[in-house]
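Common to both upcoming complexes is chain A, partnered first by chain B, then by chain C.
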Partner chain A sequence: MSDLSQFLDNEPVVATAGTDMLAVSIEQQGSTVSRADWRPPAAGTEDALNVLFSDDRMRDANEVAVGRMLAVRPHLADVKVARDVITGMTDRTFLHAGPPLEWDRASGPMKGAIIGAMLYEGLADDPDDAAARAARGEIELSPCHHHDAVGPMAGVTSPSMPVAVVEDAAGDGVSYSTLNEGLGKVLRYGAFAPEVIDRLRWMDAVLGPVLKAVLASTGPIDLQSLIAQALQMGDDGHNRNRAVTSLFLREIAGALIDGADASVENRRAVFDFINGNDHFMLNLVMAAGKLGSMAASGVPSSSLVTVMARNGTDFGVRLSGTGDRWFIAPAPPVDGLYLGSFTEEDASPDIGDSTITETVGLGGFAMGAAPAIVGFVGGTAAGAVRRTLAMYEITMTEHPMYQVPMLEFRGTPVGIDASRIVRTGVLPQINTGVAGKVPGTGMVGAGLVEAPMECFTQGITALAEVSR
Partner chain B sequence: MSDLSQFLDNEPVVATAGTDMLAVSIEQQGSTVSRADWRPPAAGTEDALNVLFSDDRMRDANEVAVGRMLAVRPHLADVKVARDVITGMTDRTFLHAGPPLEWDRASGPMKGAIIGAMLYEGLADDPDDAAARAARGEIELSPCHHHDAVGPMAGVTSPSMPVAVVEDAAGDGVSYSTLNEGLGKVLRYGAFAPEVIDRLRWMDAVLGPVLKAVLASTGPIDLQSLIAQALQMGDDGHNRNRAVTSLFLREIAGALIDGADASVENRRAVFDFINGNDHFMLNLVMAAGKLGSMAASGVPSSSLVTVMARNGTDFGVRLSGTGDRWFIAPAPPVDGLYLGSFTEEDASPDIGDSTITETVGLGGFAMGAAPAIVGFVGGTAAGAVRRTLAMYEITMTEHPMYQVPMLEFRGTPVGIDASRIVRTGVLPQINTGVAGKVPGTGMVGAGLVEAPMECFTQGITALAEVSR
Partner chain C sequence: MISRVEVHRGRYHDSVRLMQASKALQEVPGVTDALVAMATELNLSLLADMEFDMDEVAGIGPNDLLLAIRAETEEAIEAAHRALDEALTPKVVPSGGLDGPDPKTIGTAARLNGANVALLSVPGEHAFVEAMEALQDGLHVMIFSDNVPIEQEITLKEYGVSRDLLVMGPDCGTTIVNGLGLGFANAVQPGPVSMVGASGTGIQEMCALLDDAGVGVKHALGTGSHDLSEDVGASSTLQALEALDADPETELIVVISKPPAAAVADKVRRVASECATPVVITFMGETTLEEGAGEVLDALGKPRPDYGSWEAPEREHRPGSVRGLFSGGTLRSEARHVAMPYLGPIGTREEDEGHTFIDYGDDEYTQGRAHPMIDQTVRVERLAATAHDETVGVVLMDVVLGYGSNANPAAELAPIVRRVVDSGVAVVVSLCGTRGDPQGRDAQATALNEAGASVYLSNAAAAREAVRLATTRSSS
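And then the complex of A and B:
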């Protein structure tokens, strides 16, 4: 029905790509333009890309790195006290989310969380005293990611806190995360009111020991299996964790009925606490992700993104081939849905290690499995699917276990390739909670954000330098 | 860009509707045909439709009837012994799924389930003895639907069985269902081996009493709220009930830890039993649906479908405006996915009261919320959404609580209008388990089926007669 003879029968349409100058000038002449969704590589990366694509090293290295990321089998093995298990932690060490940070540059929620953790540790008399001591350097700030750990939002992990111990059933890795406190006025969002500190004390006195007793009864719990099932039940593994929390409760409730060595009051209290918090599993999903991230790190020439993390001031990225180096840009604002009377004026910039979920094929990369998440982070269900689809552009493969039912069970996009980000201009999609910028506020909303291009251009440039 | 002057510039396309004769003859002349998806009303219903559409009575009656269906608030209130609560049940009464049935006409799975229930009740020495006694009329067969009850598959409910008592928190209705046994070799699929009978005895000795004690501790459980949440978590309420079973376990696990008046062994056993069966909630979702069905029944002139139910031999339908009358056609075969080495040769025709879920906006009508169900019943995720979309053609409204996230939270299609089925030729979409046709086999698969048109043409004809 259609052949070249018709070519001039219809009005011509001009297809354009790249900058808008050509398109605009054609439109000004009254003709129709169809713009291709194409951008040139990020400015200044042409030489680096030429180096990286000049041979097969990057391609081969990426295959190795993403293979290692996908080979881990994270199991929740134990709950222990942070200072007893986290390497390099002293009584004055306070871990935090994101890349390295000094007190003076810390955002409101980060300062609030550090203040709260100091009060919880008994290292200060009141919030002002805590702030003054922190400013004088009486405590040591260190990124969770420097200690095989991850923490959501402020991510503050202090020596007395109970931490989940996640072991690789297929290897030697061990990762750590704090236990989730719930939503609203909680430490990780920068709140430090007495109720926040009381809850933290209950968590180390009751929650940690009871979960430890449960795990002694059940044995290690396969987190990857629970996450995979939860993606068939509308979770994304970052801001929608209702299904995986339900499945986790199913794993532990038997032991809470008859198996765990703890009082019936404490067993019931632990059940009620987890049952009341559909985000409980976030921290454990994150620790599972960290295990994959650790395994994939340090493969020479690999452009695999192993870490994306924010501290409320900076957004930091690590690539496999550049090991522990951070590539840093300002933390962006979040396009959020706000709680109650809060607005974007109240919001702190992007914060938290929870982007480890996106790094391993969950969160923004798995939103197509979680249409109901849009009630929490905004957007439409169709848009959630489009976000997932867009991420196949910048990833190396499809996850063998994490599937999107609505995409006919296609594996989630996984293995973020910094070279593809730089080449295509497509940025990693993240969904996230939003903290109040004033220390002590807590949660003010949730929303959507993209990782900053600058982190990836720095990373690709550095990778090319070490690959020359 | 487009005006009438272009009309003849392009090749003409002929749109056709109805029978294919016109379309075929145009195609034979080499032209392009676009077929509209339209069918004439079902044969023989023109007069009835003329009567029903001659004034506003049916429209007004449907508004009342579907309003009543949606106004119920089903709560799981108690678990009791069938003979103690079900009206009209004697020691010889055996309830069954679907429309009325005699032993001689019963399908294999129905006979198997009746045999099993007689063994469980101690009314026969062995399967042959049970069959002989049933054939002699020593027991009375009566549809669940005649007793405010529903049962999945064979639906056999005998006097000693524990039944869920579902009360309308917004009215006076009370409905009943047995408790779900799990999958595989189970009574409702026609199995009657000793393990099946032992399980039934455990259910009346332990499961029923412990759940009764749990409910005494928790108070009534809001089933509609759980179902609504589960539709955001990938359930359809018929053959995918994993989320609602998880949420139900979250509701009762606290009482199983410390609140229920039962031994710790039995509390743990009940938890493990329900935790091991992701279909546990099917029966309770069905009883919740029956409550809506009962409330909507008996509105003069209403063409609302209040019941669709199958006994393995017949498919029966009831309309609101014709009250308790059954409109019956042969039970169709199921387009199934088969377990292990079973094939369609092993399958019994469609069976069970579980189509009450489709009748209230769940099951096949809510498959767009449950893309992962296609792994169980067949088809594609996109097809699951299309099934839901098609059902808006034959329903009166959208459910105010049951929503499909992927359709941007549109309410599920609810309130099946028999007049629209007859006018459009669009049949209710059902997903279902498949029983083995040989008594004693159990489950052989699951699949998709449509309700037979004949039930609706009979119903519409009868409705027109009483509406003249």
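And then the complex of A and C:
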């Protein structure tokens, strides 16, 4: 029986958008109706939307793109030195978070992190010397995202740093991230005091080699499985990584005891370092996310958001169907809670590649799974759940593995659709840390931020151009 | 007996949930043993105890999901898989303060209630995207909005035809499917007649006339006012005609349209003539809705009735032209078609001299307000003005009842009608409504009649009465 004949066989089931009067008149007849709280799309996107909706290309492309994103099986395979594995990395290359950036336009924490990394690499005598050399162009700045890598906050990755190598067990993608230094005064928040540099040196001398040996013993560790479990233990994968870090320690504990060729002191130090840093796994969750993002990139006509990233100055977005183009708007301030006596006056604008977690159904999108951090969303667990629920409007599907217990184990909203963002005005909700704006300060708080609409209106306009 | 062991690497569910899933599997008819669990040491030994083949599970660990089923048939194994999918991906909608924000697009709204038709009244320049999304989601679409570019209408209708989905509109005021009215629609009794209409008030008037003659309506599918234009080529009309022809409960089809493009009219006639179901065609400009209803009644073997009327007592009214104040475009057209042979030229714009029949539902008069079937402000104002306009002798106006229309139009109009009648102007009302309409058809008629208006259920009859009054002046 044809669809139309079937339609004529029953009382219709109606959904409405527009005048409420028409919905009311259906209810008057004793039937029910589902109403859309419709609003006009973002100004200037009407023509682009009309183009993108004129056939099935975008819809089909989105199905392909999000399918690829969800098909990856990220495994932590190895720890190597950045210059040895990251394509395009020279001895003068300093990767950074977010879209492309020049030294002159860099924010305080970004400059601080670059200074710290130059001191760590031995390319400068002191902070002033480092700043002067960077300003003269003696180093090359390049976004992590241009090198299959991601970095939290400033995201500065220099040639000597140990990086996690995350491989796709279901494909051939490989992504990279630095190892997490902990909270407080750390390079990624723009701190460059001697203790910061000393820690980085310890990480390349001890942490990296020990983890490498541990992984050689355990074999590749399934990150997605750990993240899925952690979501049922109160993590969001962005602002809370306590559970996944604990799970990771369990995974490696045996090999750390007897599988690594290292001194007892060093093995103990590695254990204490990871155990003492609830965010140790953030970087690995991010690298896992990057792998999905890479797989989903480059599907013509797809409006899937593959990258959201900030460098402290700009917020950048990439869409699957527009390839390597960045759509950029000023990085917004973070609505945050502050440590100690810090206030929003001390805060730098939004920074970091960690928004890769939101692009793969974690972070703000999994807020409903993380009641422990509801302080960021008005303090109620219900508020956190509502935050997750709001994101289903702008996503293509539900994550098959990442689930929210409070939503009866519904999959997290995943596959951000830029066309739905501009249509609805609903912006991606991001959980994030806040860096101090003065170089060298470090972390001052954590909170929430919304991706700027402008990035998505530009993206949708460009996508329509190439789809015409 | 068939045994099956599967491993899903990296798929995690907590143990309580998996125990529930195992239980669900064991309850599947034909399944004798089932285990769904993370592949921990304990669960692997359980699997061995259950005498499953352990070769499949070599090298798996506690982060991998294990599925083992023993069943009598391959069908039972398949049923177990379905039960597992169901157990692990529940679609329970949470409640208790955990409701999400209201849906913001038609797609999301439709998913919430499993809708099969989208009713869109967003501004015309935005209707295309919502309509296309609804079609892509497999919904039929009714676009109430006007001002949708014709190329977009064509794209939507071509897409709809390719998916066997009906696009009703743009500018579609009325649809009724199995008694449920969308847009402006009258309460109808179920019956043998179905309609296809490129005119909302045309459908409403036909419903009202058939209702008064005791004939019910099965479906009335609106197609939008541009459907019978050259460009659109009756795309939705032909699609609806075919669907209604296939509908076993439809015994007779009425096609209603404002004057169509000639070539398109021929095409519709040709397709109609090939239908197994009898088709009555009512194109405005060629005939009237009253005549169309008559043909329907003839075909059904029913007598043509005297449609209901509530006549005002004869009284002297002043000389002058007829002022038509309409809310329905098709009712205006029909009245004009009836009156022109007797009155000569009839203007359609307010600035015209002599007899004028104005459609206040036209864009020109609806800027920034609701349709005059809902918001009568403009018409009430114009009606009141006739009391002081010495050039006007007769007012002819429609009042359209039904779902979606003003809840009590007579209450607003009656005092003004009284004042106008007292000033010496005759008032004739064409009342479009059925006995089941929520406003109460007869109560509305009585209220207007008591205020001094003559009220007719047939719009054509109302127009004839206006002509009679204008041409005979006083008819005592």
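In this text, the second predicted complex is superposed on the first by the 425 of 468 C-alpha atoms of A that agree within 3 Å, B and C clash if a C-alpha of one lies under 4 Å from a C-alpha of the other, contacts with A are read in each partner's own complex, and residues count from 1 in each chain.
The working rule: contacts are C-beta pairs under 8 Å (C-beta built on N, C-alpha and C of every residue); 3 or more make two chains touch, one makes a residue touch a chain.
Computed from a predicted structure; not experimentally measured.
A.B. asks: Which of the two partners, first being chain B and second being chain C, lies in contact with A:D37: first, second, both, or neither?
C.D. replies: Second partner only.
A.B. asks: Does chain B (first) or chain C (second) touch A:D56, or do both, or does neither?
C.D. replies: The second partner, chain C, only.
A.B. asks: Determine, under the contact definition given at the top, whether A:E408 touches first (chain B), second (chain C), both, or neither.
C.D. replies: A:E408 contacts both chain B and chain C.
A.B. asks: Quick one: chain B or chain C, who's touching more of chain A?
C.D. replies: Of chain B and chain C, the partner in contact with more residues of chain A is C.
A.B. asks: Touching A:Q29, do we find chain B (first), chain C (second), both, or neither?
C.D. replies: second
A.B. asks: With the two structures laid over each other on chain A, which partner does A:E11 touch: chain B (first), chain C (second), both, or neither?
C.D. replies: both
A.B. asks: Where does A:R386 make contact in the superposed view: on chain B (first), on chain C (second), on both, or on neither?
C.D. replies: second
A.B. asks: Check chain A for residues that touch chain B in one structure and chain C in the other, and list them.
C.D. replies: 9, 11, 232, 382, 406-409
A.B. asks: List the residues on chain B that touch chain A in their complex, please.
C.D. replies: Within the complex, chain B touches chain A at residues 1, 9, 11, 32, 232-234, 242-243, 246-247, 249-250, 253-254, 256-258, 264-265, 267-268, 271-272, 275, 371-372, 374-375, 380-382, 405-409.
A.B. asks: Would you tell me which residues of chain C are touching chain A in their complex?
C.D. replies: That would be residues 9-12, 14, 17, 63-64, 89-92, 94, 97-106, 108-110, 112-123, 125-126, 128-130, 132-134, 136, 138-140, 144-145, 152, 155, 159, 163-166, 177-183, 185, 187, 219, 239, 243-244, 246-247, 370, 374, 403-404, 438 of chain C.
A.B. asks: Show me the residue ranges of chain A that touch chain C in the complex, using the header's touch definition.
C.D. replies: 2-5, 7-19, 21-23, 25-26, 28-29, 31-41, 46, 49-50, 53-56, 59, 73, 169, 222, 224-226, 228-229, 232, 382, 385-386, 389-390, 392-393, 401, 406-411, 420, 423-426
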